[in-house]
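Following this line, the structures themselves.
Heads up, the next two complexes both have subunit A, just with different partners, subunit B and then subunit C.
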Partner chain A sequence: MERLEVLKTYKLYIGGQFPRTESGRYYTPAGADGKPLGNICQASRKDFRNAVVAARSALGGWAVRAAFNRSQILYRIGEMLEGRSAQFADELIKQGSTPAKAKKEVAEAVDRCIYYAGWCDKYQQVFSSVNPVASCHFNFSVYEPVGVVAAIAPEENPLLALLETILPVIAGGNTVVILGAEKSPLSSITLAEVLATSDLPGGVVNILTGIREELLPFMVNHKDVNAFVASDLSNDDWKTAKEEAVHNLKRIIRRKDVISGPESPYPILETQEVKTTWHPIESSIAGGSKY
Partner chain B sequence: MSDQTEWNYSPAPESAKQAHISGRYEHFINGKWTAPKEGDYFSTTNPANGKKIAEVASGSQADVNAAVKAARAAYEGPWGKLSARDRGKYIYRIARLIQERAREFAIIETLDGGKPIRESRDVDIPLAANHFFYYAGWADKLEYAFPNRKIASLGVAGQVIPWNFPLLMAAWKIAPALATGNTVVLKPAETTPLTSLKLAELIAESGLPEGVVNIVTGAGETGAAIVNHADVNKVAFTGSTSVGKLIQKSVAGSNKKVTLELGGKAANIILDDAAIDQAVEGIVNGIYFNQGHVCCAGSRLFVQESVFDEVMWKLKRRMDTLIVGDPLDKNTDVGAINSKEQLRTIEKYIKTGREEGSEMYQTSCKLPASGNWCAPTVFTNVAQSSTIAQEEIFGPVLAVQTFRTVPEVIEKANNTPYGLSAGVWSDKGARLFQISSNLDAGVVWGNTYNQFDPTSPFGGYKESGFGREGGLHGLAAYLDM
Partner chain C sequence: MPDCTLLSPPFNRVQSISRRRFPGKVRLASGQQRGENRTRSGLVPVRIFPLIMKTKSAATARYDISCSPPVDQVGIAERAQRFTTRSIKTGAKREGLLKVLNMIDLTTLEGADTPNKVRQLCYKAEHLHDAIPGLPTTAAVCVYPPFVKVARQALGSASPVKIASVATSFPSGQGHLDHKLEETQRAVGDGADEIDMVISRGKFLAGDYNYVFDEIAQIKEACGKARLKVILETGELGTLDNVRRASDIAIHAGADFIKTSTGKISSAATIPVTLVMLLAIRDYHFQTGKMVGMKPAGGISKAKLALHYLVMVKETVGPEWLTNQWFRFGASSLANDVLMQVAKLEDGLYQAPQYFSKD
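The block that comes next holds the complex of A and B.
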């Protein structure tokens, strides 16, 4: 006798919890076979706002966490992802990928986690500077997280591009609310399950599913969001994003080459602020500073 | 203190004769002095006596079009073809020429803007020259600034600068733009165009190819015409947050790269273990430097409760020694307010501060009869909700609040939409760095204030803008990456 399959309920991921959308709405994107992928939560403005509250309250702890520890947690995400490779590949195929492409995308996604894990405690050392000012001061510039980031994941390569959007943001100590690929939401929901079991504190990454056109205006005009990251918006949407961002001058970051681009630490710097600190150095007969 | 000798300073005026100023200035477009197409001029006056100094061309859309066209032609032509090494050598030349004519520039800066000659001579002009000298050296080394990254210049940079540090802001804008291979259309502020126009003279003298730097003068509409010009690839603006937001909105539909250096409401934090005498000097320098016309001015003072009385007593005593008056006098500490309009704004805030119940202290120094003046002012009994603690005044007005604990002062200091700068005064390094690393500010001065250097990146968090000027970081604003 054939076993009756247990179907999965797809939910959002906010503050480390898996709530349904408060709106009670759902949408049914079609899979490769033309049948609905499932009843996917259609997140509302209120869900987004709740997620921002979660991201804001998680920020303090995550931003000051030792970079080495952030590194271990990102590595752990890679480990958990590796263990679920088959499920991710299966879902990518359901969403329209081929078996060969799906396998490759999952492998690259795992490797991307490992790549950014390594950068957590290195980008600061590579890009910070001691500035040789002409006066007797110790002057140095460091990178600090910009804060709460709202992001929209690209539609193509729904797993790899999702991670390529999230990882540089959290590697740098920010927290994020991201809207997964609208037409291929399964990868983002399953990634939430990976994150929930990866020692990542609740609220550092919050994942919504829903309709891009509906949520974009709320994501870019929310006053407690410090930056907005996306890559494949239309020109009109970029215009809207830049216009609405002026309310609190949130940083609008247009990621290039999210899928095909070479791996690089530069995406981490895009959601960082540069802080420069000055302090006098006493100068006397014994001499002042040598830098 | 009647037993002490009364010390007075004899007048020590710098001679305005050292400055060569024409009666009328045209736009500097394509290496030539070009009369405005619509034939309009406006006056620039000395804020210390209200007298007219010179007449300056008023830039129309047609003038801006001509300037952008010249900048584009230079970019596609001689400037784009020049080797990076030679690009750098031109910038070095400009730096040297400013140094040679530093005295003249300092006098004109003070005449046109009202800042004390001591500041224009010792701060503005040397820093402007140094900025060019610093960025000149980057021109042929850009590949080391962003390793493993493909970089390219952007094209024509449209730059709009404010009136508080006229030549220095021109240097902050032009030097990195040229080092990275771009060409420039710059508009100085309406009330302080003269040093930018003198810079144009000197740029012509340097032999820089025609059209690489174009200076168009005028008011807000001229700036808007530059910013919105379809053939401008990069917009760099320093000024108020409200205008910065308008600019961001107006170019939202374009691919122009934008950097904004906007307003501030900096917290200057005095802890109970600070060296109080030095801190008082820092407070004074923080808010009364350049009449408080400084975006990073330490306009919100936070004093730990246990030293509040001592700090306030010493601060008022120090404020009483400040000499307000003739900006050309080498003894002057606080010069003229830049314009009548700005003076009215400051006076409005002072009135609001009193109406909202804060307690005001102003020094009793004698102010000159004509010109725009404001005595150094400090308010106590200020609440977080007070207007003078929330809004940028851009004048010599300090709002003082107190605190008991470090977490409390961090929260209060960050409770503002701005995030440009901050100051922390403590003798304990661990404490100082705990606070400095938790302040949302692009520049933090520990046991010092208002220090600037070409190698030191400057720019804000939050609504104080985005992008950095100065240092290696300042190159990024002018490169396509």
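The block that comes next holds the complex of A and C.
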């Protein structure tokens, strides 16, 4: 007798937990071989709302964590990913990649973790500045996280592009709610299983799966979200995003180099705010002091 | 059925009640410790040491806690669970949320309270969120006794917002009776409309129910026209049976409201505890036709939970209790969560806390 295969239900990742969607809905996208990939939760706007609550409550702990410690945790993600690279490659192949491409994508994904881990405790020194002013002030600008970021992962390269969207955001001390690729969602939830076991505090990264069209308006009009990151939206969707973002003036960020771009620290700065401080000092040459 | 609500010594009806509920089986009422003897027939002996003793203050009649029925813990838990499964949407939700706002006793009971903080609280009570027109005020503000005057000044005499003051050595209740009476009288004299007293849990747990009863009765007398809320601090009573007994004592001693908690210990208002107290109120209403108010306090900070409480009130004691005359929430952070939900209904956007005033 032929054995019936058990189709895995891939759950959401919210606040360090793996809940099913509150809506009870799921979808079964087909893989490259025409067979269903799995039972994938179809997240609702309420799941997104709950994820934002989790991200908001995780923000305080994550943003003030020592940059070096954030760096250690990102490195740990890379380690855990490396250990499960065979599973990731296998899932990429199921979702339509070739063996060679899949292997390369997983390797690059691991490297990307190590790369951003390195930047966690360096970007502030490198990009902050001391500014020249014509008064008795010490004037300096530093980068600080914007807060809770909502993001939509690209459909292409579902593992690498997902990580390339998440990592610069959390490296800079933000927390994120990301919607994984709609048609190839396995990588996003398997990544959640990696994140859950790699010292990352619950709620820093929250991963949803579902229909992009349905969730986009709520991701961009939620007033407790500070920025929105995506790369491959249609022109109409970008228009919606920009219009809906006005309610709380959230930042809309269009990543262009997610899939093929070179490694670069600049994506970190896109979800940072520059804070400038005027610190009064007793005297300076600019202020007319003779010494 | 014998009237078991008020008893005068030495007529004690423990025996008849016990036998009727548990035929052929002994049921020893708690508190009945001295003079008890089981006979072979399993009946409680006729001579029972009277639970009610004469004292100077309330010689006429006190409540006999053995009249309080035992609480079915499993049944309560199951019933409480079912209140939380209702789905309340759109129109009903909006009505419910506005009702909740109007039932809140906006509370600040901190060591760090200042006159300005109290003034700000009073302003918030009258202007919950001016960006949305047509919102109700809260039912009351709840402050420590020294701030009653400040609150009265801030609110004036015509405000719909009542002033509630905690008294009687809040939150522990460990103080001398004359101090408690004086504290109460001063708060009322300063302009408090309502007094939130705490019962002496120490005395209650030591079995001195008469002391607890008398104390409540005397504070009630000291309140004059002010309404009296009696805080049981259920987190310290230990069992639901004790909650039921304390509720009955408070109700019979003259409480206008019974209230779950001070909010100062971690186990505060829960649905099961509130349900037990509501059942005590309901039984009293059945017996006497009189209404007693209910105030869960502490630990209710989400709008959804507050709506579950409203469901429970309606289905346990009835819709007449769904006004701030008979039901209150003691809370400091609930108001903002409810406001966020109301705002969500208004403009369809999920809200962020920073758009709502803290106090």
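To be clear about the criterion, the second predicted complex is superposed on the first by the 276 of 291 C-alpha atoms of A that agree within 3 Å, B and C clash if a C-alpha of one lies under 4 Å from a C-alpha of the other, contacts with A are read in each partner's own complex, and residues count from 1 in each chain.
FYI, a contact is a pair of C-beta atoms (placed from the backbone, for glycine too) under 8 Å apart; a residue touches a chain by one contact, two chains touch by 3 or more.
Since the structure is predicted, the reported quantities are computational estimates derived from the model, not experimental observations.
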| item | value |
| --- | --- |
| Clash or fit, subunit B versus subunit C on superposed subunit A | fit |
| Subunit A residues touched by each partner, larger count belonging to subunit B or subunit C | B |
| Partner chain(s) touched by A:221 [first = subunit B, second = subunit C, both, neither] | second |
| Touching partner for A:278 - first (subunit B), second (subunit C), both, neither | first |
| Partner chain in contact with A:141 - subunit B first, subunit C second, else both or neither | first |
| Computed vertex angle (subunit A) for partners subunit B and subunit C, CA, steps of 10° | 80 |
| Contacts of A:133 with subunit B and subunit C, given as first, second, both or neither | first |
| First (subunit B), second (subunit C), both or neither touched by A:266 | first |
| Touching partner for A:242 - first (subunit B), second (subunit C), both, neither | first |
| Partner chain in contact with A:251 - subunit B first, subunit C second, else both or neither | first |
| Closest Cα approach, subunit C to subunit B, once both complexes are overlaid on chain A (Å) | 5 |
| On subunit A, positions contacted by subunit B and by subunit C | 248 |
| Subunit C - residues contacting subunit A, complex | 349-353, 355 |
| Complex interface listing, subunit A residues touching subunit B | 129, 131-135, 137, 139, 141, 144, 146, 226, 235, 238-243, 245-246, 248-249, 251, 264, 266, 273-280 |
| Interface residues, subunit A side, partner subunit C - complex | 49, 52, 218, 221-224, 247-248 |
| Contact set on subunit B toward subunit A in their complex | 130, 146, 148-149, 241, 244-245, 248-249, 251-253, 260, 262, 417, 432, 436-437, 441-448, 451, 453, 455-459, 461-463, 465-466, 468, 471-473, 481 |
